[in-house]
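Below are two complexes that have subunit A in common, paired first with subunit B and then with subunit C.
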Partner chain A sequence: MMGLSPEKSTNRAAGESLRGWAAALCLLAALGCTKADPAQFKLNMEGLDPADFVASGSTDEALAERIAKIEQEPDPDEEQLSELQNAQSANARAKGLRDLKVALHALFGTPDEPFVLKELQTQPDTPEVGFDLAKLRRAAGPVSSLEDGTQIGLYRQHCVHCHGITGDGVGPTAAFLTPYPRDFRRGIFKFTSTSESAKPTKDDLKRTLKQGIAGTAMPSFALLPEADIDALVEYVKYLALRGEMETALMSYVDAGDPVPLTHEELLSELQNYASMWDSAADEVITPEAPPELDEPGLLASIEAGRKLFLDAKAQCVQCHGPTGLGDGAEKRFDVWNEAKTDTNLAFFSLPKQQLQPRNLRSGVYRGGRRPVDLYRRIQAGIKGAQMPSMGQTPAKPSGLTPTEIWNLVHYVQSLPYEPTSETGSPERSIQRDRN
Partner chain B sequence: MSCSKYSIGPLLALVICVAGCERRAVVDPVVDFDDPEIAKVVAAIREGGEGSGSEDGGEAAAAGTGWGTLKGRFLFDGAAPAIGRVSTGGKDADMCGDSVPDQSLLVDPATKGISNVVVFARKVSRQKSPETPTEPAIFDQKACLFLTHVLPVRTGQAMKILNSDPKAHNTAISPPGDGNINPQLPGGGETTVSFKRAQNAPVPATCSIHPWMKAFVFPRADGYVAVSGPDGSFEIKDLPAGEIIEFMVWHERVGGGSGGGLVAKSGWNGGRFKLTIPADGVEDLGDIAVPEAAFK
Partner chain C sequence: MSRLWSLLFLTVPIVGVWVCIWSANNGYWMPDDISSHGHTIDHLFNFCLWLTGVVFVITELVLVWFMWKYDAKAHAEPVKYTHGSHNLEIVWTIIPSATLLFIAIYQMNAWANVKMRVPTDPDVEVEVVARQFEWRIRYPGKDGVFNTRDDLHTVNDLHVPVGEQVMVRLKSQDVLHDFFLPHLRIKQDAVPGMVIPVWFKAERVSNVTGATSAAYDLVCAELCGWGHYKMKGQLVVETRDEYERFLADLEKQQEATQ
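Up next is the complex of A and B:
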């Protein structure tokens, strides 16, 4: 550099640093351009401490030897013994976790290649029962399309950004949403046509896909072809069953028991859950239509509903508030948020969201606004949430009668049209700014 | 590259990118599904039929005869904590009052006995009375409190949920892997439910309208569950003798209020201990002094 003019040496220095940056950028780009691994299901560690599942440094044989030696001593060291036993359980749990992954892989496959046991597959004479593997294959896998335009990888195309690859409701967009996307893994769905303890039917899941859920980020997929919607419904059921099975197997691991790894044992456990799904269609609530009412009759029904709303028999006001704004109860959670611990951010667990009773004056009903939808919400409640089942059943003769429920439905339907419910009115003293 | 100050930048960027921003503690064991051993297990599970995994995993159930009893008493080690009050916030004050007792940790000031400690056998090879009881279990509520704080119930046994209060309550029970239960019961109302699945720990039952109300239901396949009384004592009768049984001790205050294994004695990891019950005899654990730290 001696003997060069000052401008030339500055240019040279600049040129060299530019080359340095370019080299670094090329290196970074090369590192980043590796082929992505195929998508994998994530383990459901909700409510569990990962530290409990880390194997101790020693093998089982080594630990057994040391325990035997200590036990032979005249005055065994209790603390050391207990430490070694802890290490043994840690090993057992770590092994159990591996067995759990093997079992789930065997029973359900991967996000790219789904699988269900043949005993759980649909038979041609009972299309409502079981899983259609062809539909699952359409919904699973990376996004692509066939020559005739058939879309493959529907779940990843439409659902994964909110619901996550495992259906855990923790996709990339979930952190920005209120309420969170559904976690399918519990097998609980809020808005169904079935009774209090039953699963949703395929039609319920289809309705949710086609209509979306008003007042939430779940959009309507009505523009998708029917076959695509069927495939997605099948895949959601599959993720739900997989999630339930994972929880069942995890209870073996957590307890330190060996995870069952035989076809018979796993099938028997699976069928406990699958049978609940298969019998959902028998639990649909089909109310008799209310009698045709003229205007005075309807007004009387609404008044009866209003009285029942305020009555101690139904206690609607205790949660929905005396004005139906949903301000009667505080600090409640649905079952998904109850399980979240704000401190468990190590897993990127989303913080708890409170459950608000519905503001009935907004006219926005998440589960559908048809009279029969409102009837079913009151009759059977909302699973996973706090809304109880109010209606009469054979096991619960003291519940509300169909007439009483229809009166309540008429009252609820009338609420958004009361003058006090109108937004923009000068008397905003009982308005809430959000639904 | 010359050692000018401009070349530190790209190097630093490279180091940061490679090091990554990972701070999550993740447990996700890597399983190689191409491994022939694992592939064999997977194939056996999928096709069914011969040999896979833990077929011989049925531990040799000890061939014992006769039946015995397990008993003991849980005492609080230290000064008995005062029973706190939970405010009702004026909800249905005529029925519930202004506050209710906090039932999560009940220690009798006179005897130091701890109530509602659950002791149960985790797995048994045989039962004295395997038939499902025909009498329903009763789960009642009055004065905005559940009358039984922990109710053991057999799978398949009917459980009657009663509301002995004048106004409505709902009883929400969400047992994992079983049907959701959440009936609204008007004053004086009742309903009957049953559980298909045994649970590993008692399941909470709550009321949405009166959120301080919390009790537990414990569905099990056998009747070998005991809940300690006000003096802290418990007894499980007719346990199968002559085999090693693992028992678990549970209390709702452990684990920050969600319930968990009570390490009442050192060596009871996760609240569990193993015992063999003598035939026609009584295994008496005596008075067990539970340290306060066990309830954290």
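Up next is the complex of A and C:
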């Protein structure tokens, strides 16, 4: 071996540089495998500020000065004047929104660190009323877990991709869903056990979480630990209350009035809404037990229910159609979509979605299939979804009586099993099933 | 020094085999099998693993040997070209074909037992409808007929009695899903428009003596959308008594008028 030939020396150089790269890579990999805390994805709060926060370029004093100067002129320039006045209201609006943000922050904290005022927290002797801060903390924040396996950040783990970080029902997956996920901020929930104008109880929210909503994208969370479900219920209630408060304070901004910022003012406003949530448990509808019916009695009840269904008094046919297929003549929107008018569509991320009355022959019941669930739907209606409350109440003595409602319930329950509701031939194994 | 690269390739079979053996001895292996036919599936799996494992190791060793022997720095002879060996080509076509044919026939019985010999008189019938992203389960109720008033509905919670032949009628409401019970070695695509029978028998509740009920995974094994990763249900294997109690509970809840 006299000396290295040109090819061999290039090979050697290449080999050495390759070894260098390999060594560097191994070192980095080793460093990367050291035990460190996992990344925590705290929320980017700046991204939540709307464009309105940006005020006009000038201060209030400067604008007032210029307006005064123009008004003093013999022939004031109207265009310039209105421009300056617009700038003034933009300033006022921006200030109002900043105050709103401060107020909400003071009342509710942030998605990473939520809290509620002491006056709204649960007391040990009344666990049903108020908010449990420990549960809120578990449901909030970035997704992680403690050493014993307890999950933290439950809302972001399970709910945020549909319901959004503020509970506005516009998460990333919402655009693909019919119906849209619930917007919690109105404090209106469809499937409750309470009367027409009342809030849902904690049990109602728990039931929705546990059984999901059949026929929609809301899954069943029955396999989560009970403590996780409790924490999520608490957080949903928190988001709903926060949303209601936000709307209330927003009305000040829209009217051009100063946003209340003292503790007393905010607390009294807040307690208006919180008290409705606290009193929900008193508004639960417990139906009279239906009579024990034998076979012919049940058939008679179903027949009476059918007549009621078609009767104008019960108003069923106009939405559900004469055969209960959900093909009634009325075309309506639920309250969440009603708010989207032609002029304000730009504020909403998702297009308007038509309300679809239930096809009663499918055997799929969104709010639960128990007789008591169906009773409550008819008695109190479905909040937000334009299903009216048809039952008798002290305020509406002309409504349907309990017996009439039970007849309707029996009729509705019989609909999926009528011969006309059958699809296809009786099932055999591995055959085409036309569903 | 460049023979080092041949040795580097040798680490592949060594590390591969070592990881396999270590995993099997430290719990990173198949889930507990509680089914009646699962041992056949596991046996076939192990057979294929050993067969391919031995062939893999031999192939790797031959590869490393050739790399070592014909390393460019140590072996300066010019390359020799050959027209190939017809006999060698016949040998390495026939032997793999025969092996594959053997495997195909060897497993036929196991396949037929799981997919083709539909039991005519199952003890329990249940309908499972896969939908994005949950498992909707329906028992026929007291009258034993599906699609009647007394059917019992539940979501993601499939209960079966131990030691009894269970027949699942698998359907899908929207897209392809896959009904996968790892602890029973059962996997079947749910095809929209079809009703596919899936049968199994859980031989015991669990490996814990005296247990009356145990929960196992039911997962979706066919990509069905954004929620596929969390489309999990639970299979609960329990004694007959507990099973009856479960059904009675379901009925009571479902008929609640208060």
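As a convention for this text, the second predicted complex is superposed on the first by the 340 of 435 C-alpha atoms of A that agree within 3 Å, B and C clash if a C-alpha of one lies under 4 Å from a C-alpha of the other, contacts with A are read in each partner's own complex, and residues count from 1 in each chain.
Throughout what follows, contacts are C-beta pairs under 8 Å (C-beta built on N, C-alpha and C of every residue); 3 or more make two chains touch, one makes a residue touch a chain.
Note that the coordinates shown come from a computational prediction; the quantities given were computed from them, not determined experimentally.
Trainee: For A:Q315 in the superposed arrangement: first (subunit B), second (subunit C), both or neither?
Mentor: It touches subunit B, and subunit C stays clear.
Trainee: Which partner chains sit in contact with A:S89 here, subunit B, subunit C, both or neither? Use first/second/both/neither.
Mentor: Touch partner of A:S89: subunit B, not subunit C.
Trainee: Would you check which partner chain A:Q354 touches, where first means subunit B only, second means subunit C only, and both and neither mean what they say?
Mentor: In the superposed model, A:Q354 contacts neither subunit B nor subunit C.
Trainee: Would you check which partner chain A:M45 touches, where first means subunit B only, second means subunit C only, and both and neither mean what they say?
Mentor: In the superposition, A:M45 contacts subunit B only.
Trainee: Is A:S279 touching the first partner subunit B, the second partner subunit C, both, or neither of them?
Mentor: It touches nothing on subunit B or subunit C.
Trainee: Between subunit B (first) and subunit C (second), which, if any, makes contact with A:R332: first, second, both or neither?
Mentor: first
Trainee: Let me check the overlay on chain A: which residues of subunit A are in contact with subunit B and also with subunit C?
Mentor: Common interface on subunit A, subunit B vs subunit C: nothing in common.
Trainee: Given the complex with subunit A, which residues does subunit B contribute to the contact?
Mentor: 1-2, 4, 6-7, 9-11, 13-14, 17-18, 23-29, 31, 33, 38, 41-42, 44-49, 52-55, 57, 91-92, 122-123, 166-172, 174, 176-193, 196-197, 200, 208-209, 211, 258, 266-267, 269-270
Trainee: For subunit A, which residues count as touching subunit B in their complex?
Mentor: 13-14, 16-17, 19-21, 23-25, 27-28, 31, 42-43, 45, 47, 50-51, 53-54, 78-79, 81-82, 85-86, 89, 94, 97-99, 101-103, 105-107, 115, 117, 186, 188, 196-198, 244, 247-248, 251, 254-255, 257-264, 266-267, 272-273, 276, 312-315, 318-319, 329, 331-332, 335, 346-348, 381, 383-384, 386-390, 393, 395-396, 398-399
Trainee: In the complex of these two chains, what residues of subunit C are touching subunit A?
Mentor: 1-2, 118, 132-134, 136, 146-149, 153, 155-157, 169, 171, 173, 192-197, 226-227, 230, 232-234, 253-258
Trainee: Using the touch definition up top, name the residues of subunit A that touch subunit C in the complex.
Mentor: Touch residues, subunit A against subunit C: 15, 161, 173, 211-212, 214, 217, 219-220, 222-223, 286-287, 289-290, 369-372, 375, 413-414, 417, 422, 427-435.
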